[in-house]
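Labels run A, B, C, D and E following the written order; every chain starts at residue 1.
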Amino acid sequence: MSESLSSASEKSGLPPGSLVHVGEVHKHEHKITVIDYNKSTLTRRTIKNIEELPPYQTTDTVTWVIIDGLKDVSIIDAIGQHFDIHALVLEDILNTHQRPKFEEFDDYLYIVIKAISLAADEFNIEYEQVSLLLLDKFVFTFKEKPDALFDPIFSRLNNDKSHLRNLGADYLTYIIMDTIVDEYFSLQDTFDELIESVEDELLNNPSAQTLNTIQKIKRELIFLRRSVSPLRELLAAVQRSESPLLNEKTKRYFRDIYDHVIRVSEAMESYRDLIAGMLDIYLSSVSNKMNETMKILTVFASIFIPLTFIAGVYGMNFAYMPELQWKWGYPALWGVFIGVSVFLLRFFKKKKWI
Amino acid sequence: MSESLSSASEKSGLPPGSLVHVGEVHKHEHKITVIDYNKSTLTRRTIKNIEELPPYQTTDTVTWVIIDGLKDVSIIDAIGQHFDIHALVLEDILNTHQRPKFEEFDDYLYIVIKAISLAADEFNIEYEQVSLLLLDKFVFTFKEKPDALFDPIFSRLNNDKSHLRNLGADYLTYIIMDTIVDEYFSLQDTFDELIESVEDELLNNPSAQTLNTIQKIKRELIFLRRSVSPLRELLAAVQRSESPLLNEKTKRYFRDIYDHVIRVSEAMESYRDLIAGMLDIYLSSVSNKMNETMKILTVFASIFIPLTFIAGVYGMNFAYMPELQWKWGYPALWGVFIGVSVFLLRFFKKKKWI
Amino acid sequence: MSESLSSASEKSGLPPGSLVHVGEVHKHEHKITVIDYNKSTLTRRTIKNIEELPPYQTTDTVTWVIIDGLKDVSIIDAIGQHFDIHALVLEDILNTHQRPKFEEFDDYLYIVIKAISLAADEFNIEYEQVSLLLLDKFVFTFKEKPDALFDPIFSRLNNDKSHLRNLGADYLTYIIMDTIVDEYFSLQDTFDELIESVEDELLNNPSAQTLNTIQKIKRELIFLRRSVSPLRELLAAVQRSESPLLNEKTKRYFRDIYDHVIRVSEAMESYRDLIAGMLDIYLSSVSNKMNETMKILTVFASIFIPLTFIAGVYGMNFAYMPELQWKWGYPALWGVFIGVSVFLLRFFKKKKWI
Amino acid sequence: MSESLSSASEKSGLPPGSLVHVGEVHKHEHKITVIDYNKSTLTRRTIKNIEELPPYQTTDTVTWVIIDGLKDVSIIDAIGQHFDIHALVLEDILNTHQRPKFEEFDDYLYIVIKAISLAADEFNIEYEQVSLLLLDKFVFTFKEKPDALFDPIFSRLNNDKSHLRNLGADYLTYIIMDTIVDEYFSLQDTFDELIESVEDELLNNPSAQTLNTIQKIKRELIFLRRSVSPLRELLAAVQRSESPLLNEKTKRYFRDIYDHVIRVSEAMESYRDLIAGMLDIYLSSVSNKMNETMKILTVFASIFIPLTFIAGVYGMNFAYMPELQWKWGYPALWGVFIGVSVFLLRFFKKKKWI
Amino acid sequence: MSESLSSASEKSGLPPGSLVHVGEVHKHEHKITVIDYNKSTLTRRTIKNIEELPPYQTTDTVTWVIIDGLKDVSIIDAIGQHFDIHALVLEDILNTHQRPKFEEFDDYLYIVIKAISLAADEFNIEYEQVSLLLLDKFVFTFKEKPDALFDPIFSRLNNDKSHLRNLGADYLTYIIMDTIVDEYFSLQDTFDELIESVEDELLNNPSAQTLNTIQKIKRELIFLRRSVSPLRELLAAVQRSESPLLNEKTKRYFRDIYDHVIRVSEAMESYRDLIAGMLDIYLSSVSNKMNETMKILTVFASIFIPLTFIAGVYGMNFAYMPELQWKWGYPALWGVFIGVSVFLLRFFKKKKWI
């Protein structure tokens, strides 16, 4: 679990609006990529300095600025000053413990969302906070680290026949969010497999390890829900928004993401219920096993304890024990031993213990 | 469970609006049936090509187009282009992991609903996504596979005195949805029987198998709820809708389905509560059984262990043990054995163990 | 449980509005009673045929028509045609698996409610669906079978000084519903006694039977809630209704029933919570009993096992065992036996086991 | 529990509005106290007959009429007729199983609230229904029995400098309700102490008695909640009320009670959660104890059972058992006995059992 | 837990609006600090008497009055009279069992909030009630005791370049609340660590102590929630407020606190779920341990009990027991002993017990 429950405490005491990066520090250099496109042209370059951005403001193209890495506060600060972004928004971009949210300002929209990815070999969800600023003909995305998250979007942009190239910055915003939400769907496959394998384990050979896996899934679900459930509200707010930055037609697309998010969160509720059922099964399987153990002990003890008593009786040293002198005493006693055993075995068989 | 929890991941990375069939692929050829009717006439034919549809647009009759099988994306695409359907709707028709929903457009209404059926010999619910497009005098239904789902509607259409023949496309839409929701009612009978038989099992002879059945019912309920609960909202939206495609009088019929759906979901809540109660009974029945096992062990052990000790005492080889020489020592000891046993048996009887 | 969870499946496949009686078929002949009254006069007669009703429509009196038995569909059909009742309402009257509901039409109001009664000797709630049609100066009540449900209303009507004789058909409707809801209150007494006796049993002598009773109460509560909880909404709708058929002053009386229903459903929530608590007590009482069993076994085994070992030692046949030759060896060993026992008994006493 | 779950069943079958006292009958004579005050004067007298009230209606003073005891229905009836109170309100006053509620009429307001008190020596909450009628310059309070509930208000009234003397009948209503709600706060102290003592018991010496106390607290909480939770809604309705009988300034005071009620119900929720936690602790403490019992048995049995076997071996009477003839056989065997014991004790020590 | 569940009972019976300090009495002298600032100047002094305040009312600066200690009721009374504060507000300031709330008056706003701190060495949350009065250019804060809570604000005020110095009394109010809410974030770190250590304990060595820690965390969460959850509503009310005392721009900052509060309460919900999961693990770990104990007992008993029986047989003193005379009888029997042991060990190995 790379997303800690804790949060802004590292910053508590500082004045609000102070630009300090809060969150796990990724050791990457920051990297600024600028993609500028319209129907006919597409340029992509990496810039070092925020001062290289202004020329794009005068053009008619859509400009997408991707900032990977939040270590260098001065970049965020420069963007804030140049594009007149509210200090609290800049602060929120830098604090990677945000809750997904949508905020409307006169000149821009601010969206925070959590991208997820899965470590390949282990069931371990990693979270990356992505902040989006949608301005007129400009989209800024702030990510914690460089990764392949946006690669599918890049390849689509390269195709000059794609829908995306014809439409504005709000459609780009939609595509970015859609790409991130799609990752939640792939997570569902992982959950499906995991839950299926745990169910098999439960039925065949439950162990303390099974319980740990169940608890681990439960834990991941608890954290995941915190990233997913605010998305519902976020997307409803986007659709209700009357900002001129959002085209009415594009909102129809956001409604599509909204449907996806509802499906993801309903699936999560289902997992939650399934997990709860598994715990019940685990507990009763432990009880059943204990009962089985008890039965074996009871069968052994109940058969041999009376026999041992009888043997003990004839091991006594009384001077006058007539049976001891009988010629057939010893074989007869073996008959008694066998008879008692058979009787008890039948009794336990009737109880369906053996 | 034929409805996987997972979903659109097969498609993630593709641009939105790309027409790709997402979901379990049924190996059936697609089949297009066209039923065209009004009060006096009814024609039914199977067409191969979507180009055969336009003539129906000019008539005054109601035209019902049933597409069985979603494998051939080009058909959906052709319908989309010809009838001017939004790309995201076409995408949703092809993705059979939709949540039931209702969407209003200017020229058409879009409804997704899950039809259910039950494998005869086993308790296994199968889901089939049915998409409905209601246009002016046209109804399209998209199904995953050819089956007998609409047979009752066909026979009703054949009867030229039926209500259905007199009314418009919105009433046909109602009839289709009503037919699908009625299947949920038949499911209730199955649940009733299943739960009753599990309850009998629980009282008479609970086993690990019983627990599995309980968990299976619980699991099916979790999935079923995901198909049923959005229907409530869907039907409320249909009733609120002010689309000219829906006649005011027909809405009264949709309210009837709404009542049915509420009854189904309340029944489901009841099942859920009953199932929860069963788990409690199962757990305490396991505990009770263990207690019974313990009692048998305790009775055996507690009676024979003291007797064995006494026998052991008189098996000792001390040179001076006066009792051993007593003439009546041995019979007297048998009296002690019997006395101790009787005393302990009475003790356990008083505790109501035997 | 006389109210099955299942439902309209017997009818699925039929066209909506088809008049078929759905539900348990009561083997009674149908019976139509007509009570016609105003302040000064009261007539009561049994009619055979719906054609005898029309004369009452022209009078100024309130006419109450009670139909007992739903077997004869033609009567419902005749009423429907004569009084112009919507086909779906007629269908709902015949289907006795309805959820309580209130529907407003221009010329009449339709109310469905569940009357309950209790088999005298056993805790078994029986449900009877009562449908009410309130027209201008007419009230129709449809019941599944003839019974004494309305007897208190009859005797009140016979009293020409009663309030009821002065007021209109809406007040009669109120009186009918009030009479039915009052039965829910008497049920509370039964629940009270039952729960109290189960609690006594739990404290004194819990058995598997106690658990079954608890589960039975739980089950009846689940079903009862399905009849009670929609009443809240139903009565709120009656109060909000702006139908001219409901006098403003009468609505104040419906609010009184509303208060009753809230009290009944709160009581039911309390029972639910109490029952949940009982299950916990039952489970821990089973655990406690098992612990007690274990303690007895442990005390017996732990005391006698060491003693048996010691006796075993001096039963060995070694050639050189000096103790065996000691004169006081045997009595001394008894001292050891008693000493060990006393020590262990004290140990267990300190643990508060004996 | 002095508040039965059951209710109006004693009355079911009677016409609505029939004045019959429903509830536990207190054997007290009824008593009518009239307190008449304004800033400068205060008179207090006990009257026998409702006919003595009218003179107060013409004065400018606030008149508070306290009726203790509901046995004499004629008094309620007389008040109802004289002050023109709705029949259902009179019925509600007499039925002491009401749910707290607030009803607005043109000329008066009707409030039902439950006063609570605590039997000193035992944890047993007693409920008394208090009905309030607020008319212009008149307040009626109906109580089930004479008690000291209003004593603090009397003494405040006696003080002619008190706020209360300057203000109207609505402020008196507030003071009465505030006095009753304050009792709920004192109850919290009792719950605090009780829960703390139960927690101590749970940690130190849990017994079946502890479980009963937990269940008793749970039960009282269930009943208490039924008196407290409707108060929230009641007080919100009072604040929303636009009745001229309520001064705007006084409503600010009712908001204060509203805050108190919210605090009480939140505290109750906390108790509920704490109690749920206690049950879990109790159950696991029973399990822990059983485990401890098992360990003792296992240690004893596992050590002595092998030793007894060895002793048994050398108690056999085979003709050729060389060890028996060894000089050091017997002492050597003691070595074996001790060695096995030490080994097993170490094993159990390693398992942290002893 | 320094925040008692109980409450105003110490005051019940007193007239509303009576100024009495309710709550834990801190033995500190009260202390009044006045900080007066604007962009260019800052003065800070301690005053003894409320009469020294008026001069500040005529200036244009923001005046912050901090009252530490609520023992001296006369100060609150004097402020109330001088600044015309409602009697119930003064009462609420003195009663430190308030629920966080926000109340709007024409001339001032009243906010109650709980500051928390953590005893360094133990997990013990302490609550301090902070009341805020926001007037035009005046902020009063009432605290229970002198502590370092506001030190970060003081140091920020000392910096004449800080944002705070430029803005009004509403921004100061925001800063105070933000400082308090930030403490809730630091608490999250503590919870994180605590829960992580408990989880480790659970997996490695669960004990009754672990259960107590879990219950303690649960308890603290229950209390904490009562301080946190009303904050949501409070801050929503602040944002909705149309009081001229709150600048529109400042409200944006309050929305920032609102986001923080939502994150804190979501984290708390997560803790709650995690804790619930831990209890399940604890219970099944106890069951698992018991099962392990049982297995050891069963293995020992089941192996040695049959062997002991066999030894007992050959310890019998029958006159005719041919085996006893066989030369190889004794060694052969050892073979039997070993054979039986090996067989049983294999059996238990197959069951995966050893």
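Observations on the structure shown:
As a convention for this text, a residue touches a chain if its C-beta (ideal position, glycine included) is under 8 Å from a C-beta of that chain, and two chains touch if they have at least 3 such contacts.
These numbers come from a predicted model, not from an experiment.
Number of steps on the shortest path from chain A to chain D, with steps defined by chain touch: 2. Distance from the chain B centre to the chain D centre is 42 Å, each centre being the mean of its Cα atoms.
Chain geometry summary: the mean Cα position of chain B and that of chain C are 26 Å apart. Contact of a single residue of chain D with at least two other chains is seen at positions 283, 287, 290, 294, 297, 301, 305, 308, 312, 315-317, 321.
In ring order, beginning at chain A and turning toward chain B, the chains are A, B, C, D, E. Put simply, chain E touches chain D in their complex at residues 4-9, 11-13, 15-17, 86, 88, 97-99, 101, 208, 211-212, 215, 218-219, 222-223, 226, 279, 282-283, 286-287, 289-290, 293-294, 296-297, 300-301, 304-305, 307-308, 311-312, 314-317, 321, 323-327, 329-330, 333, 337. If you check the complex, the residues on chain C that touch chain D are 152, 156, 162-164, 174-175, 178-179, 182-183, 185-186, 188-189, 191-192, 203, 252-253, 256, 259-260, 262-263, 266-267, 270-271, 273-274, 277, 280-281, 283-285, 287-288, 290-291, 294-295, 297-298, 301-302, 305-306, 308-309, 312-313, 315-321, 353.
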